[in-house]
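Labels run A, B, C and D following the written order; every chain starts at residue 1.
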């Protein structure tokens, strides 16, 4: 099970304050689906405009990135260009 | 309002143009003569991107009227290289990576040449003060100062 | 410095940049240098008020001026619904963008565009600008971030309800959003601390200060097809944003990037481009708009002024146990300060178990903020790095040793959550510690400050193509405007991968119709991402070259290798063949299958973050508050420097922008909310005589996920200087400047308040 | 649209005629470093621009009665290259050369700097300290006036209709006399003075100050001649007490404003600091003269 850390605001609004959840998924799309079925609305909320760090690497527009059994997934704001 | 006819010398060549009385020399160079190497960064003499030589004096072309060029000699960045041969400053700016975006570069080159034309051995402090009227936002000036020092050294060796 | 020399032929060398000659001879064409036949001059009417309802606009007198061909107002732009859309590289609120480009209903800051005219001459256009009658109903205004957060502050947007707070606010306010990042448990972190330091740190708004004003030429044809020629950090951004604002499709607009005279984040959005298009559409002729410098200052991209509170706790032996920060960023007239990024960056260099950062994005009656080099990070780092300086003093520790003891390393959980992969922060601190500068003697009234900084760096959507010309030379099609020498880096990487001479590779930056989409030049992504695409395109070319050689030799392509710019038989088993050079293969391409080219379209992955550590010496004149920067050294992990001169240049330029931010640059507003210093005379960017040489140390901890080890380098160097300078001032005179810029009046007032350094000790 | 004329008269008389005929609508153009900026910013729109640089008197530097006559349109770069003037009145030349960049120095003039009537003009306090006078031409002929009598308020001068400044007279420097000018700016170059101080002192053979003049800039609506500050020096050996009294008198004379360049408190304090520092340099020069 991958460990997923939700953004504070999303955790509060959609997950009853639960900040860390464990999710079974092989890629990011599956992960988002799994989150959405557990916390309805979360899939939409996290689809666009967020970046994700999977095992330390930041993906600005994640989609099919592989998730491992022991992966750590963090949601982050997108990083803007300077 | 009738335009004024101006006869002048630009980079050694006789040139004529028509201009408004209140048109700046910079606008005339760029818009009437197509010499867009001189840039407008501020229009108030604070950035030096429009540096040109007017009768042998370094000036901001944005702070001179085009009509003042009548009968006088103007030198711009476009006249700095001799044909194919770059001025040593143009070459050292390239070698030392003394430009990033390049918008301030023509002004710096014209100003630095004016310095080396009168003093081939300026100190770092003299270079920095001479060029204080030329703003560069990219380089932090380090490589520009080094390029001027290198060109000066080469020109001293040649002289 | 590195092993580059032995392993690479071109990577790590310092050849002359391909576009250099044009730039030293005045031939290079920047935004304002382009003209079209029949072109009109466009000028913009700007609000003289900080906040005013626009009751009406009467353009009849302006249209009567001889030579005036068109006037546009917000009515000439489609009204766009509120909300964010995904376009290009991220979400954008196009209603806000449209209202920023041309005020609708309300003018929200001094300099806000309210109308525009196009005329046959500048004089006629200016006359028309004067004759446009705008009926303003002046409203109360607010320009200060803390005042704007007060419940009774003048409200900019009746529809703004703070996001990110529970329960949802019932009343609108100027606080667009609140964000929070947490790690561990803050209370237990502070409970474990023996020493706690805290402070409030204020920075003023600063401008990117690029020397080239915004400029665009636009032409709209009768068939609705448009061309735009302009200076920006991304021609695809200009195309997409203009299309959205004008209700067009991307395919209707072709944008050709000019050379760009500096951007630093400030040209990652649009201002004059859609206005020129709207004027051209109405006038039926090309229109050119070039901003004056005062327009650049009044109406384009400053960064946020900021109010930052920091609290840090540590054990007696110097282990940081907790970090807490609250950041209030002023966004200008529309939401979108970079406070979230500030929250993430402040503590990022350190391994701290318990961190909380809270951010507020606040609108005020000032121009809408734009990105500025490592957007959000310098203000946060100013707070954290100043606090760490206090902490080191309280602990009796060397400030660099304190940083080293707490340095984030590979596997450290970053303050914003995820674990770092390969990073070189500690290496920068070690390099600073061992630098001769750090041991050099100081005189009276002199002090030394250090500070570190972090930036994520980004990758993103990128394309590149590599065309082999018929004579064996090559063209690199680099889709990103070259803001600081990136064409040289692309040519180096192309030459390296193909194994040919640098001089035989010519890079170009094409228009939007000539190359697939690419994200903007910014975020320190170009050398990394476009370089990656160039290498991939090069590998495709090599594969094709091996195929062509195989055809000529009548062997299997697997039997051909590409080495040193030549096709060779993989082994003697393949047969005895003379190597085929790129030139030979190119010259025979008609026979072997036609032109040879490779293209790559990628979403670049594998970004490596960057860290820097700066050392600064200053001297303070205790009688005038004047500060002289005596010596400056910027150390940074750059991954691998493709063209070290331009990497050094990024460090030097970033450091000097940060020095300007620390010492003299600031937006000054009048009581009426108008900008007092919209020019280079009183907006004081550093000049050559203000500075020493800026020494650089390029630490190379290669990014293993880039073919040449590249990390982005452009953003990081502006992050440490604010605190490095402020810390140096503190050590010179004993007065801590919590409010930047430390301009002479502000510093002298602080010195006098502290009753001179001797009394304070 | 308003039309503007450009005239480049060859004599002082022609210039006077052009200026007086146009009433307040005409503006003399010397270096243009203020005029063209103001025109460009549309702060002013003169009906006639009278370029005075074709008039020989305006561009001349010549020795006269032991001092120097300096044309009102002589650029800073030209005066700075005149070794004799620099040797006699280093403070005046240094103040002139502080105006703007090298580029500005190629154009900026003493006449323009004075008649632009900015309280912060660099050359004016230095000229006041050195006792410089200016020759004014006008419909009523020519007259000579002390520099301190010209500026009456920000942007306004005592010049009458049709009058303009032709030249400055730098008087012969008395024995054991030295002048100096210092200004404070936030950067090292390219700023307008936040405070400027010009000091001229004359010493007797024993080192006692027998005469002094102190000019201050950017601390009041006009450049100031501060008699009390000079009085603090005269009769002293310019010891620390005298210098402290000078600083106090200079600060006391200030009547500045708060603006984007500095605060009242700042300007008042730093005026004293700079007056003291400039007096130090001036006295060094006086001793070596």
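Throughout what follows, a contact is a pair of C-beta atoms (placed from the backbone, for glycine too) under 8 Å apart; a residue touches a chain by one contact, two chains touch by 3 or more.
Small disclaimer: the values here were computed from a predicted structure and weren't measured.
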{"item": "Chain pair with the higher count of C-beta pairs in contact (B-C, B-D)", "value": "B-C"}
{"item": "Mean-CA-position distance for chain C and chain B (Å)", "value": "29"}
{"item": "Euclidean distance of C-alpha centroids - chain A vs chain B, Å", "value": "55"}
{"item": "Centre distance in Å when chain A and chain D are each reduced to the mean of their C-alpha atoms", "value": "68"}
{"item": "Junction residues of chain D, two or more chains touched", "value": "1, 41, 188-190"}
{"item": "Touching two or more other chains - residue numbers and ranges from chain B", "value": "43-44, 46, 129, 131-134"}
{"item": "In chain C, residues with contacts to at least two other chains", "value": "123, 264, 680-681, 686-687, 689"}
{"item": "In contact (per the touch rule at the top): chain pairs", "value": "A-C, B-C, B-D, C-D"}
{"item": "Sites on chain A touched by chain C in the complex", "value": "5, 8-9, 12-13, 19, 48-49, 53, 55-61, 72, 74, 76-82"}
{"item": "Residue numbers on chain C that touch chain D, as the complex places them", "value": "65, 123-124, 126-127, 294, 623-626, 663-664, 668, 676-677, 680-682, 684, 686-687, 689-690, 743-745, 748-749, 752"}
{"item": "Contacting residues of chain D [partner chain C, same complex]", "value": "1, 41-42, 184, 186-192, 194, 259-263, 265-266, 269-270, 273-274"}
{"item": "Complex contact set, residues of chain B against chain D", "value": "1, 4, 21-22, 24, 43-46, 48, 51, 54, 57-60, 62-65, 67-68, 70, 111, 114-115, 129-134"}
{"item": "Contact footprint of chain A on chain C as seen in their complex", "value": "84, 86, 89-91, 163-164, 166, 179-182, 233, 264-265, 268, 338, 340-341, 344, 371-375, 416-421, 456, 458-461, 519-525, 603, 605-607, 705, 714-715"}
